[in-house]
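After this come two complexes, each holding chain A, first together with chain B and then together with chain C.
So, the complex of A and B:
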């Protein structure tokens, strides 16, 4: 009897320790990134393009990568919405009667979600060599868009599927067609969920490196045109870190801090918008 | 006016919207097929010149001499994934049980926040963290302790970083598994006189076993495809790893590291796309199996 009690309380404490351990690691990661990056972060880091010999320790900043990342993430998220939004609404309004079909499309979305970005990158690279295309901002946007649209669709679908079925029936009985129900009622009603999914996809697009390495290329300049190559923040960190010079490495840590702050801000904005807007949604 | 306008054209708008929905759904079905097809077509030439088994089972890697053996990379990828799985799986199972069975409600809320942020942190940040923390720790503490000289960029560092990265994914799914279990199961077990711990051990774990396996399977497939973070800490040496502290060279790192010069050596790009194809197939298998288990489980409760 006593042995049983000891076993139970032992495991209970072990489980508690493990759980608090995860929270500790989370705090520790943020602490390390902030502490190491804080020294070398400066205004010129954010506001300047890399100057000659940037990777040898000369002056400049990572503006090219910040702007490139934002261009790619914005374009990719818009692309993901253009493809993803109709699919989610289709699943929940038009096809709601056909449970099997909806199930298999959701299944397909889950599979797509699980394909890693390196595979998307490799595939895009194959297509680009066939079409004789150079690495460009546009290619990066399309690749990342394909990569994040399952993320957006799954996140938005999770919210839309909780919509009460009665709403659909009521709208039908008032004479609305599927398109009106989709965009005027379902979309509007789930706007908070849409914004959360949008920002989730946006954050993922900013942080992804493996797919843009093939498709967007790298440059020291802010891209001016869709056919220009574009730098991204994760790749910029990666290249700065592979330099043997200490001051360049320090700048890589600063860039990492910058990227982490961007991600955290997106996450906070998404939370605030969600809680603010939730009350006013239809 | 606008309302009238929309009303007048509502059937046209309806048709356009339906057309666009059709295109999008077609696109979703086409995308995985075309990824698979593209990689297969690109790697066909190398499968014609070399036998499949010699590509997979040979460890000779020298692209300039035309030797393409992927064994080192496959073994590295498998070792990394298995090791990170060994680290992450118990942590996630323990923590998810604690969070759903014992923990106060606020802790679950805090954990959801932690999971969200951890899952959102880009992999390159985990890589930087690994370089700052894990690599020096291994070279300064672990390596002298077990008397094995190592640079710190090794299999162990890669799997630790990988484990931490996959924790939010797996944990999130496991919490879902335990929460979707009907409460009556637990109540029935308790009413028969089982203690809380016995209920967890013999009822909940057994009942959730398929969900747990599926969540872990999805975690494995995520870990297999993870690129940048692992690449940064794992050492990337074309040598068979024999020890935890030896450097390794997983498939995604191989693809990323060589994309620059793969056009200049004959067959090199084909070989790299072949390794991408292998990775794609393994990940797809894990993914499909795990998702099938999850979908079965969902049906059971509905």
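So, the complex of A and C:
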């Protein structure tokens, strides 16, 4: 065997080992979550708020955290889209001529993406203390919204910027204005990318604990108003795992399973929408 | 004296017949000139061919006409471009109306991300046409005009990107015609097409010149000879020669055009 052949087979096996290794680890994590989660999941886990002494082994469920997480993640993702969508379209349609400015904004968004979520939480907490506000669902939504805004914006932007320049020229030549080009052509052309970015942002929002710990607080009740504090699944998992009682620790796996299932369901729904849109729009 | 009058007559006749007058047009990218002091008259209802080697500024000149150059980074334009007596470089507003006057056909087709039907109806709708029946009639009219109707009438509501590239290019032409332009700007529109599709587009241009002014950028000598009523030869950002195809192709004045024609054969 010559050197090239040895090199080729070495790297082929290396890639195979790394790839299968990673797949194995992920499958194992899912296996543990499913096995231990199914073991302790029950209807009351999903349908009830925690009863007194829940974290000491008494009955009840994590409905508060399921609903809280869902509210926060949905609200924050909608907020991130409301802020992020115009920014992305502005960068790619209105400001396409100003390369330096667009480059700086992208750089800024990249930095924002890299800031740890605890910083967002701490910053929001400082603002809330200054304004004499208490931890609430709304504060959680706003904080997480700002946390995932750069994620949504840059993920979507990376797709939108691949749009052919010829399409922009063609759209202008038809006499369309910037708004029509942005929302009727560019947004439509990049809908599949939009869904991916939306999903990425939602996944991050529902899984983040650090930004909500100061801002949304924690409660054993399902939030009824935006001004109520709200529990989230990641925090709920943390509190259950911190319990010294074995049965409560086991219930943490049921909560983990619920969080995994929520993300899985949202992923599947998005993929169905994605394939329908792809068939029609592109 | 006699000559002077004749020249004056020619200038006047050119002026009355021309739809576009370009005066002292300079385009720079940074400090680098792309177009150098262009002065041109483009005749109405004729096919004007802008000919020249790659990188000579043909496309930049074409895109200056509907100010697509505004979209380019670091591009500066000076001079005057009169279209129907109106300097299009002057005013910032009503740019969409001015662009609408000029349909663009680019090197390869860029269908809008929607159905065949909507590719045509999009332009009609954004310019205020709301009646569905009127839109249907117009969609059919313009698809017929580019010879696409028979090929697509059964799948109007499928995605335009599923058409062949030649069909897409004709769809783009139909889409451009639907918004009622006076001028058609074509930037090497057949360069991505097979010979049969190219021929279809070329024949369409000959039909279209009854109603529109066609400005065609090409580097294909055969196409220029086949289509041109008026030829502009460019080299290195300058207009080197212009005039009737007969004069330019049979009796070129400059060495560079002579060489271009020789190599082209």
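Rule of thumb we're sticking to: the second predicted complex is superposed on the first by the 267 of 282 C-alpha atoms of A that agree within 3 Å, B and C clash if a C-alpha of one lies under 4 Å from a C-alpha of the other, contacts with A are read in each partner's own complex, and residues count from 1 in each chain.
To be clear about the criterion, a residue touches a chain if its C-beta (ideal position, glycine included) is under 8 Å from a C-beta of that chain, and two chains touch if they have at least 3 such contacts.
Just so we're clear, the structure is a prediction, and the values are computed from it rather than from any experiment.
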{"item": "Partner chain(s) touched by A:166 [first = chain B, second = chain C, both, neither]", "value": "second"}
{"item": "Touching partner for A:105 - first (chain B), second (chain C), both, neither", "value": "first"}
{"item": "Which superposed partner A:141 touches (first chain B, second chain C, both, neither)", "value": "neither"}
{"item": "Residue contacts on chain A - larger count, chain B or chain C", "value": "B"}
{"item": "Chain B versus chain C as contact partner of A:177, first or second or both or neither", "value": "both"}
{"item": "Partner chain in contact with A:208 - chain B first, chain C second, else both or neither", "value": "first"}
{"item": "Which of chain B and chain C A:123 touches, first, second, both or neither", "value": "first"}
{"item": "Touching partner for A:79 - first (chain B), second (chain C), both, neither", "value": "neither"}
{"item": "Which of chain B and chain C A:11 touches, first, second, both or neither", "value": "first"}
{"item": "Chain C-contacting residues of chain A that also contact chain B", "value": "177, 180"}
{"item": "Footprint of chain A on chain B - complex, ascending", "value": "10-11, 13-14, 17-18, 20-21, 24-25, 27-29, 31-32, 34-35, 38-39, 41-42, 90-91, 94-95, 97-99, 102-103, 107, 110-111, 114, 116-118, 120-129, 131-133, 164, 167, 171, 195-198, 218, 221-222, 224-228, 232, 252, 255-256, 259, 269, 272-273, 276, 279-280, 283-284, 286-288, 291, 295"}
{"item": "Of chain A, residues touching chain B in the complex", "value": "4, 7-8, 11-12, 14-16, 18-19, 21-23, 25-26, 28-29, 32-33, 36, 83-84, 86-87, 89-90, 94, 103, 105, 107-112, 114-123, 125-127, 129, 146, 177-180, 182-183, 200, 203-204, 206-210, 213-214, 234, 237-238, 241, 252-253, 256, 259-260, 263-264, 266-267"}
{"item": "Interfacial residue positions of chain C with respect to chain A in the complex", "value": "63, 66, 68, 70-74, 96-97, 99-100, 102-104, 106-108, 110, 112-114, 122-123, 126-127, 159, 161, 172, 175-176, 179, 185"}
{"item": "In the complex with chain C, residue positions of chain A that touch it", "value": "96-99, 164-177, 180, 184-185, 188-189, 279-282"}
